[in-house]
Amino acid sequence: MKVTVWGENIHETRDAEHMASIYPDGMHTTIANGIASLLGDEVEVGTATLQEPEHGLTAEVLDATDVLVWWGHLGHRDVDDAVVDRVHERVLAGMGLLVLHSGHFSKIFKKLMGTTCSLEWREVNDTELVWTVRPDHPIAEGVPHPIRIEGQEMYGEYFDIPQPDELIFISSFTGGEVFRSGCTWRRGKGKVFYFSPGDQAYPVYHHPDVQRVLANGVRWAAPSPSAGFAVPAVVRQPPPRFTVADLERMHPGMQE
Amino acid sequence: MKVTVWGENIHETRDAEHMASIYPDGMHTTIANGIASLLGDEVEVGTATLQEPEHGLTAEVLDATDVLVWWGHLGHRDVDDAVVDRVHERVLAGMGLLVLHSGHFSKIFKKLMGTTCSLEWREVNDTELVWTVRPDHPIAEGVPHPIRIEGQEMYGEYFDIPQPDELIFISSFTGGEVFRSGCTWRRGKGKVFYFSPGDQAYPVYHHPDVQRVLANGVRWAAPSPSAGFAVPAVVRQPPPRFTVADLERMHPGMQE
Amino acid sequence: MKVTVWGENIHETRDAEHMASIYPDGMHTTIANGIASLLGDEVEVGTATLQEPEHGLTAEVLDATDVLVWWGHLGHRDVDDAVVDRVHERVLAGMGLLVLHSGHFSKIFKKLMGTTCSLEWREVNDTELVWTVRPDHPIAEGVPHPIRIEGQEMYGEYFDIPQPDELIFISSFTGGEVFRSGCTWRRGKGKVFYFSPGDQAYPVYHHPDVQRVLANGVRWAAPSPSAGFAVPAVVRQPPPRFTVADLERMHPGMQE
Amino acid sequence: MKVTVWGENIHETRDAEHMASIYPDGMHTTIANGIASLLGDEVEVGTATLQEPEHGLTAEVLDATDVLVWWGHLGHRDVDDAVVDRVHERVLAGMGLLVLHSGHFSKIFKKLMGTTCSLEWREVNDTELVWTVRPDHPIAEGVPHPIRIEGQEMYGEYFDIPQPDELIFISSFTGGEVFRSGCTWRRGKGKVFYFSPGDQAYPVYHHPDVQRVLANGVRWAAPSPSAGFAVPAVVRQPPPRFTVADLERMHPGMQE
């Protein structure tokens, strides 16, 4: 399974001193390393960033990607629409997508959701507790109840998303807010998982439970073996499947 | 619309002094009065209790009830199975049902859900905040975001229920817990709304926002005008709806 | 309640002879008249078409519209993106939207769904049966089970849509295909109802049961009284809702 | 993974001649063999029948069962309530459950659903087409679209079940009916899959695509590795998770 972790890589230069202290190689690298170390031989993990040609998401890279992980914040507007369309098409064709934290406002997430994806936020060093409300779900496998994250931006409701197909995690914050922090949706043949913990101000992606959720998410979002990566397409004028022979074969004699 | 509020009416004698101070006429009466005062001429509200013959839920009473509201706690086991079956059948036939707070462990709720309906609880005077996650829903109409309840038992996840058809409210508690506090499900032709605020230790049913939610819930759970109150039944050997004439009428000539 | 029925109004001139025989005043007019005659004083129904300035969907018209009904087919690409964005924003702010038949490929529907909205189709005069799978739902109120439509384009699965919040109707066709023909979703504060019967080749919008479904759909999609028509927005830096006083008020002494 | 296929084993003696011609070793054996041959070393498959002590579902057998497959028809009432309760508890604790065809009226399925599970039926040798409406789902892996079953009892809507968590298959019948023929629900920690094809009058369980669906269903319903098989239980008086220290650590100085 090939995983590509995309990071916008802007805070890394803009807030260089701070970022160097918690993400010296960039957030995307820490995220990628966490997944790779937990899933081992199951995965091959690469990274891509906004600054690369085509943001590192060329047709070639995407065609070889089974699951894409997305972290963005300040640079949403700078992501090229053509790249967004390419990612969108690949998701509908079966590629898994993990959208993290401030990625809720990314073009690709809003395009898949159809809503504003607005929320409440507050940046004052809240404690976040992440509670599992779907204990049988593979994404919650091996995760404590709750996960405790000391130091996190608050994301609160109302979170303007379509009703999730599966609601896996709900978070609370010291200030009293709640947030649907782990949600899944199907779009086309692709699986989408949104997971909210992970602000650039805190070392959240070093948290072992957060890493576990991301690894579980990657595994869950993997395309089915026979996906074929074709976007669902129109089928024109198929022949009828019932014929007069089917009707004539019906008979009134057999009773239950 | 006829509403029946059922209360087990046990704390009222067991904890007489405390209850007299906040629910002098019984919790069921306070709940019923709140609904009646908000919905006015729209509803006719009665009450029934565990101690009455057939717990006050005779076939006659149920046949005249459009929406039943249920509060129970200590007496779940004392509710007669035949009455539970009668309520169950009436719900499947179209009667609305509101299940409140500790009613999560009532026989009727567990029978409708099919799960244990277990949860976490703590009784130490938490503050509960009730957040709306479905702002368009009629049950959330006119309700502040969040509702603030100072003094409430904590109910926390994991709440062992089937995935709600609609998740309307999520609560947080001072201790950091979260709870899916407002959920709906369809069962047969009936609508079920579970709302968790409302412990006997606190005057929660005097809270104007809680009363508003209950009134909204009653209105939402009302049966459709043409419900007919017949339980969904088996249909045996209906005639086929397609005939050879339908197949022969198909023709290849018309193209889009 | 103000209802606007939008029709692309292209077949009306392109297939003038055929259309004159079944929709002499245009499909949009027939659809609008059906709704008006069933809902009477409850609604004020207007129409708008592709050919009008801003396709008849000016900010002024939309600001006065509670529920928009959309029929399009050949002209999807000709709908201006700015108008689509305006409709989209209005839906997220609370306006109801009914999307009909070939409107599955309209820009507005695809933008709200996030998927391709592809399907199978065949145009050979199938019989369509529309089965209710949610008998309690207001959209199915007063509708026979099944609705029988003799003469209809076949729309079949796989229909590439997000999982509906509510699946109300499933259709079968003489050729053996099935289709999720009545689906709802919430997007922002707005309600969306897709209903598939209604090809320009057949007089489907004169069918009394189809008219009943559309009238029910309009009523169901109406915004809540206090919607306020504001798009869900970001809330920045709200103050914490829990304080030290909340924590200190918790005490271990009260036991259930 | 240990799989137990339960069959009521009544038609096998009552309609002995017919059954000998298509299920000479009993339906449960054919079902079990189909799963075993497709999943190979992944599974160990056993069978159990109504006539055995405790219907072959002793505590010992269930404690060793990861996924239970259930086929019943004439003998629903003869299944002991204590055995049903034991199966129910095991499902809530994480055991997967596949309910087949006329098992829709089994005690265990009705107990898990909370509804009547009524439907339409007709026994006149219909052709059934099984359409996939969730192409990414592992249960639909490797299955043609549609599956064609020439010779099957008709099961039609309205099927009185709770809204499925996932709707995977919809069937059509020659007579024009439709049916939600492949549905999943979570109950407690257990996964439930209902699949309707499979009447005793026809050799449906020899159909390779039907066998594929059952094998996929078994794999999907397997408990998560760390399920632990404990029924979700009440947690009493947990300590608060937020403390004054959490609140005091919040500070207003960090702005996004």
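By written order: A, B, C and D. Residues from 1 in each chain.
What we mean here is this: contacts are C-beta pairs under 8 Å (C-beta built on N, C-alpha and C of every residue); 3 or more make two chains touch, one makes a residue touch a chain.
Please read these numbers as outputs of a predicted model, since none were measured by experiment.
The greater number of contacting C-beta pairs, out of the two interfaces A-B and B-D, is seen for B-D. Note: the chain lying farthest from chain B is A, by mean C-alpha position. The geometric centre of chain B is 29 Å away from that of chain D, both derived from CA atoms.
Centre-to-centre separation of chain A and chain B, using mean CA positions: 35 Å. Shared contact sites, meaning residues of chain A that touch two or more other chains, fall at 121, 123-124, 126-127, 129, 135, 146, 156, 158, 163, 165-166, 172, 174-177, 186, 188, 232, 237, 240-242, 246-247, 250, 255. By the touch criterion given at the top, residues 94, 121, 123-127, 129, 134-138, 141-142, 146, 148, 150-151, 153, 165-166, 172, 174-175, 186, 188-191, 201, 223-227, 232, 241-242, 246-247, 249-256 of chain A touch chain D in their complex. Looking at the complex, you find that chain A touches chain B at residues 127, 129, 131-133, 135, 145-146, 156-159, 163, 166-167, 170-174, 176-178, 180, 237, 240, 242-244, 247-248, 250, 255. The touching residues of chain A, when paired with chain C in their complex, are 92, 111-116, 118-124, 126, 156, 158, 160, 162-163, 165, 174-177, 185-188, 231-242, 246.
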